[in-house]
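Here chain A shows up in two complexes: once beside chain B, once beside chain C.
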Partner chain A sequence: MTNLIEFLPLLMRGLQITLLLAVCTLILGVLLGLVLAMAKLSKNPWISRPVFAVTNFLRGIPEFLILLIIFFGGTQVLGNILGPESSITVSPFGAGLTALTIVFGSYASETFRAAFQSVPKGQLEAAHACGFTRWQTFRYIQMPQIWRVAIPGLSNLWQGAVKDTALVSIVGLDDLMRSANQAAQTSREPFTFYLAAALMFLAITLVSMWLIGLLEKRANRGF
Partner chain B sequence: MGKIIEILSQYGPDLLSGLFLTVQLVTLAAILGFLLAIPVALGRLSKNPLIFGLTSAYSMFFRGTPLLIQLFLVYYGLGQFEFIRDSILWPILREAYVCALITFVLNTAAYTGEVVRGGILAVPKGEIEAAKAHGMSSFTAYRYIILPRAFSICLPAYSNEVIILLKGTALASTITMMELMGVSQLAASRTFMPIQVFAIAGILYYLLTLTITRLFALLEARFTKYITHAR
Partner chain C sequence: MDGGARTPQLALEVSDLHKSYGAHQVLKGISLQAENRDVVAILGSSGSGKSTFLRCINLLETPTKGAVRVDGELIKMTESRGEPAPADHKQVERIRSKLAMVFQQFNLWQHLTIRENVTIAQVKVLGRSEEEAIAKAEAMMEKVGVADKRNHYPSQLSGGQQQRVAIARALAMDPEVMLFDEPTSALDPELVNEVLKVMRSLAEEGRTMLVVTHETGFAREAANKLLFLHQGLVEESGDPREAMANPQSERFRQFLTGNLK
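Then we have the complex of A and B:
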């Protein structure tokens, strides 16, 4: 117990980095998901087919593998460009953010695709007839309705992203998981600290479930 | 391309044995996890507050925390307790394979429990009433009517859980297991060609995902025969 209090600041610092990574992933992942969903709905098969193929592939391989490809592969590519003497490596945060965003975006593209398709075509035609530009149609007709449909799917992806941040500790990010590792090794009480970290993750999950509930209520007003 | 052939000729057998271990872990964890998921689902549907509370807490913990932490809790964490280190089970619990399997089973059973619970709730009420009207005991009704019906209902969702399980087994490499991911990491660091090695691993994982999807499509066709025949 005394150990737990001693290492609490370390765990809290880790928690901050975990949350920062998860929030950045959410923002970039939603943007990537929207772009990919629009590409999938494109009438041009040269755009939609490759996007389908790539996102299906990415959803079929382990997140951990994607992370390692970006982390070690990124270093390999930089080494090839800059020559073998360069000691530039990819930062764990950058690699983690890229990998988690790619994973989030691939899944979110399916969520958004279904959401886009849930908006009746007649509304888009009506918007067109009223002289809305494409951006205006997106902003005022599609967006308010898409959110409502997409929130449950996105909420699952957010929970997944929070849990996946733990993987980035393996390539050296000082997140909650790595703080727990350090505390576990120093104190020789691994169970205590992994359990403490697990409960912190659980707390994030519970708090975000509550926030998403509020968000859903707001998105569903009028229905 | 030449590099990929070089890697395959050098590490091909290792990659194959890693692939075999991954398949073995997924198969065992999927079967044991599904068997455990049934009592979990029944517990989550129980009216007894103690049983409901315990299974819900279990389900919440394993679904709400990262698999990596669960793996470390079992592999590194259990050794903290003297009574576990002194017990006769310790030589078994010290093995990475056993720890990985225990974690994957507990993890997938928590997720699958929710799937099975959904399946049980989706069994048409009339069928359950008919079973009762025929004088079936609660056990008989579950054994012959509700569970088989729930099984066919939740198969599509269950196939997703098995794919998630497959992707989760990649983490076994972090506790020294030489499954597909572990072998790939070793080959990547020895050959200094991580992109090529991981690309091979990615293709193998994707093939496994496709195989699981295909297997479940066959299972679904088999277990929903009564619906297709009726049409």
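Then we have the complex of A and C:
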């Protein structure tokens, strides 16, 4: 118990980094997913086909492998370009964020693609007929209805992203997982600290499920 | 340039409109002139191109050939990758806001309340203030008899109520011309009349309207011009009462007997 109090600040700092990484992944991943979905729905096959190919490829390989490629591979490539004495390296946070974002974005692109197609054409025609610009149609008519359909899928991806942040501890990010590891090894009480970490992950998940429930209720008004 | 000065100002002028999908010609050259306060009924069996014609006027479909003038202003067209396309999106958006459309399937925005449906385009397209738009929306909802539904969502309303809201949404834009695309075709028979009643009152008010419809009764009683389309061409036109009492074309005669049975 004394150990738990002693190491709690360490765990809390780790929790902060885990949350920061997960939230940044969510924001960038949603934006990336939207852009990729629009590219997939493009009438121009020179745009849609390569995007399908890349996202299928990214969804087909382990996230952990993508992380290693970006972190170690990225440092190697930067070193080759800038010469051996360059001190530029890929940061664990940057590598983790990049890896999680492109995987999140690849999956989210499928969620958004289905959501885009679920909005009846008449909804957009009515907006055009009123004189809405394309952007206004997207912003005020399409997007609110896309959210409604996309929220359940995005919520799964978010839960996955929160848990996948633990992978980034392998490349040295001081997240919740790594802090728990350090505390477990130093105190020789692995059960206590892994359980504490598990409860913290669970807390994030429960709070976000509650928030998503509220969002879903709001988005479903009128349906 | 003197085209506008020569004739009295037409609310809407369509000349020689063509529309093809690939090799399939849907419209083969249709012209129409509507003065202010005209109510034009456009009849035709299914596949005659009447809905496509209406949708070409506000460019929901891009005409292959022909000219559309709204209030004397020609909609500028150009070509992109060998296909006709509107030349100036800003102009199209401005003209669309003067040509309110009422759809067969109502197309109310599902995620917005009735009042929001009637206000949003006023605010975002016409730039009215929120208060101004709400006042206008209230007046229009009152007029079509849906004011008590202001905080409901479209899915909570009957088809007839939804279509009346759609008419209120169109009216709120203060349009020059209203386009009705088979406004009663998706309604249960007992709900048709409440919508026709609203449309009749608009006609009496002197609204300029183009109405694609199967309702020959409405065409006879409320319209002052008639256009009967068959296979992408105008087969018969003129005063609705005269044309329907004494049809000149065989097709129109058949259409009327088929419809009046």
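Before moving on, here are some points about what is shown:
Everything below uses one rule, namely that the second predicted complex is superposed on the first by the 223 of 223 C-alpha atoms of A that agree within 3 Å, B and C clash if a C-alpha of one lies under 4 Å from a C-alpha of the other, contacts with A are read in each partner's own complex, and residues count from 1 in each chain.
Note that in this section a contact is a pair of C-beta atoms (placed from the backbone, for glycine too) under 8 Å apart; a residue touches a chain by one contact, two chains touch by 3 or more.
Everything numeric in this text was worked out from a predicted model, so none of it was measured.
In the superposition on chain A, no contact is made by A:F52 with either chain B or chain C. When chain A is checked against chain B and against chain C, the one touching more of its residues turns out to be B.
By the touch criterion defined above, A:F138 reaches neither chain B nor chain C. When both complexes are overlaid on chain A, the residue A:L68 reaches chain B alone and has no touch with chain C. In the superposed model, A:L167 lies in contact with chain B only, and not with chain C. In the superposition on chain A, A:G222 makes contact with chain C only, not with chain B. When the two complexes are superposed on chain A, none of the residues of chain A touches both chain B and chain C. On chain C, the positions that touch chain A within their shared complex are 58, 60, 89, 93-97, 99-101, 103, 105, 107-113, 120-121, 124-125, 153-155, 169, 173, 179. Residue ranges on chain A touching chain B, taken from their complex, read 57, 60-65, 68-69, 72-73, 75-77, 159, 163-167, 169-170, 177, 180-181, 184, 188-192, 194-195, 197-199, 201-202, 205-206. Only residues 60-61, 64-70, 72-73, 76-81, 163, 166-171, 173-174, 181, 184-185, 188, 192-195, 198-199, 201-202, 205-206, 209-210 of chain B touch chain A when the two sit together in their complex. Only residues 120, 122-123, 125-134, 136, 140-141, 144-145, 148, 219, 221-223 of chain A touch chain C when the two sit together in their complex.
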